[in-house]
């Protein structure tokens, strides 16, 4: 029997998360390198239909239980311990997002298995399954191998394009029975964010506007772009001083310090008072008419141009790209 | 040297605290207050202060000082020395009373404004409020085309220890000033060296704010570093550092001669004049720094330097010399902009820039490291950045020198 | 209500991090250590609970450079006890640290009976796992991470915990006590403690020391670091050329490749 390679399916509020498809794309590659079969492990309640888009995997292993209505790390760990008694796998990829954070570590702790956290890539090289990991807020990169199998990998979003993990093919589903104990943790309710109540320090994507936005009337362009990312609009001091946005949206020495995955600095010159608050962002893209603006010294990518032209062009480009593929 | 009475400079006098305040000479002065209200009237934020100095003294006399500790009003004090300079009784307000009361206000605050909290944490941890690595403090010297001696690498005795200061080490505009200053030292053939990465904040703004523990920690550190090396005098670009070394550090045993770069270069005016070959066609208005001006009386030295530059026309703002309006950066104000904004106070740097613009000058000349970024920011916010630029006096001198 | 806060020192990224000559680890000689950011929040949350409901707060940390300052600051902020575990080698992994700490908690009277074990949700060097679930597993306690609100009900032996989900959504959980929580953010920002107060505490209070009870054999983390490198900073942005539409399209592709779309 061929070796197996597992990807834990992350799903939340009835939808498979984008990171699952990224993980499947990556898992497919590594499984093929290993000559192993790729399995998507779906723990859910009446979630059979979610398996239909997981066809990048050779097979979906599905455990159905009411306790899987919500993602509780302990319940996931307990179920996987039982699964690992019945089946062997070389690796398990866990998505690293808020939804399931902690489950990977818990499983590794329960069974004394290696856990490799903060992965951005996994490959089979030099006879080993190796992970590429990012530590210290992105300042250090590490190549890591595990001593023992199965190895648990915690995977950051963005390892592969999600559309490479998506498939029209309906995979076979193998059901697996679990018997779970009542956890000491119960979800009582979800609380949606209040309208307008935005904590910019908790956003993964920030669309930041500076004086290049020119007037309050143009702010809606930034809002439209932010919506595409499910992110939020923030600003440098001059915009806040004009009263175009509330103080809670200010980034910089006199405002918040933010570390989003993406910071779009639009029409911001990049004075130290501003960059102090955002230079730790994972990816910084700047748009400014001045090619000598200091923001380009800390940005990863730059466009020398008018924010008022680039903003709508970018929003349009994203909208048309999203038209391709109907997943998350 | 003119100006306000030196205080705290006597190493044998015990440290003044709120407990022993009324027994100390400074405290007895407090009791002579005639409640004239000049302090409140001249305070740039006097109109929004629940407890201006006059009222604090009245509460102290009435035994009700605790009431002041519970008010946030003193966070609006930017330690500009206006009250102290104008007080007809010469009461040591900014020097002694206000930091002591502020310390208590501080301890009573439910939550410190975030920006200020960060600045204080950073100063303690990294020796500068900007969370810049101490190991990069002297990185700017590599941008010069001549070497600067760093004492840690070459500890031989030196004439001048140049204490560069935090903004002038790390902030891009501050580094412009440092380059200009270095160029002037070099042109004058001054034997000078810097502490380099061993240099840490002098701590004066922390002290003025009421963070005495932080000030003491920095004083201990700086005194230890100074004692490692041999130098005749300290010259600093930092006006607050100048105050700390001149008025505070003697109580910790500091015995060195200390000068600020502006009056220091003014003393070399005759050597500088022949080197000022380029004509700068600038109308310049000079902003008197609070520490240099009101506190220590250096009003004419910067003006002498500016007038020595060919082509420079000096214009005075209505509030000049003893009446100058503070840029708002002292006493913690540098890190309280958001707090002031939330309260709806006008930013002092904007108030000052509005006045500067009325002179018709092209340049606001300054001598304090905080002023450059504060005034450049204010010019941008007010939409005047095409009308006026901000330059340190040393930058203008350097620009006027032949290359 | 006994609250135990586990604090960890991590390399301070404000300083330039250097790779050791072996090419596989950090050069700790030049690294400065700082309290892990979310551990600071865990301490603040513990202090807030103590102020609201009473109880005792114990701050616990492994020996490390600059840890004394952190523990004295914890005492100055209101912690009742500070405990330092001596003996571990320099540069332990998260898994090794959790094993040592859990060993001490289990064997030290006054720690074992904690109602709440709080620590930060994640640290920047958690390569081999996260502290909170590791502790939970060793101590046999329930675990919940990414917590931004925590209201214990001691008499009912439960706590209401708020967990962060994507896009600003929060979940409210009921957790049976005793339990372990990974704190993402305290209900208020970590308080400022005046330096004079910390200096006074350094003179008047002691940090209790206990030597580690569990040794960690080599290979405990089950990982083998093959190589560590620093990504080379370019110092300047890669400029995308073209019209607004062209550059927008190019940017879109880059963002999609990074999984940001």
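Per-chain numbering from 1; labels A, B and C assigned in written order.
Keep this in mind: contacts are C-beta pairs under 8 Å (C-beta built on N, C-alpha and C of every residue); 3 or more make two chains touch, one makes a residue touch a chain.
Since the model is a prediction, treat every value here as computed from it, not as a measurement.
Chain pair with the highest count of contacting C-beta pairs: A-C.
The chain with its CA mean position farthest from that of chain A is B. Centrality by C-alpha centroid: the chain sitting nearest the overall protein C-alpha mean is C. Here the CA centre of chain A is 21 Å from the CA centre of chain C. Centroids built from CA atoms put chain C at 38 Å from chain B.
Chain A and chain B, compared by their mean Cα positions, are separated by 47 Å.
The multi-chain contact residues of chain B, meaning those touching 2 or more other chains, are 131. Looking at chain C, no residue sits in touch with two or more other chains.
Listing the residues of chain A that touch chain C in their complex gives 12, 18-19, 22, 70, 73-74, 97-99, 101-102, 104-106, 108-110, 112-118, 130, 133, 135-148, 157-162, 183-193, 197-199, 202, 204-205, 228-230, 261-262, 283-286, 291, 296-306, 309-310, 313-314, 316-318, 321-322. For chain A in complex with chain B, the touching residues are 211, 237-238, 240-241, 247, 250, 253-255, 257, 271-273, 276, 294.
Per the touch definition, chain C reaches chain A in the complex via residues 11, 13, 17, 19, 26, 95, 121-122, 124-130, 132-134, 136-138, 142-146, 160, 162-176, 179, 182, 219, 221-231, 234-240, 244-245, 247-249, 251-252, 254-261. Interface residues of chain C facing chain B in the complex, by the touch rule stated above, are 14-16, 34, 188-189, 191-192, 194-199. Listed in rising order, the residues of chain B touching chain A in the complex are 115, 118, 130-131, 171-172, 335, 337-338, 341-342, 373, 377, 380-381.
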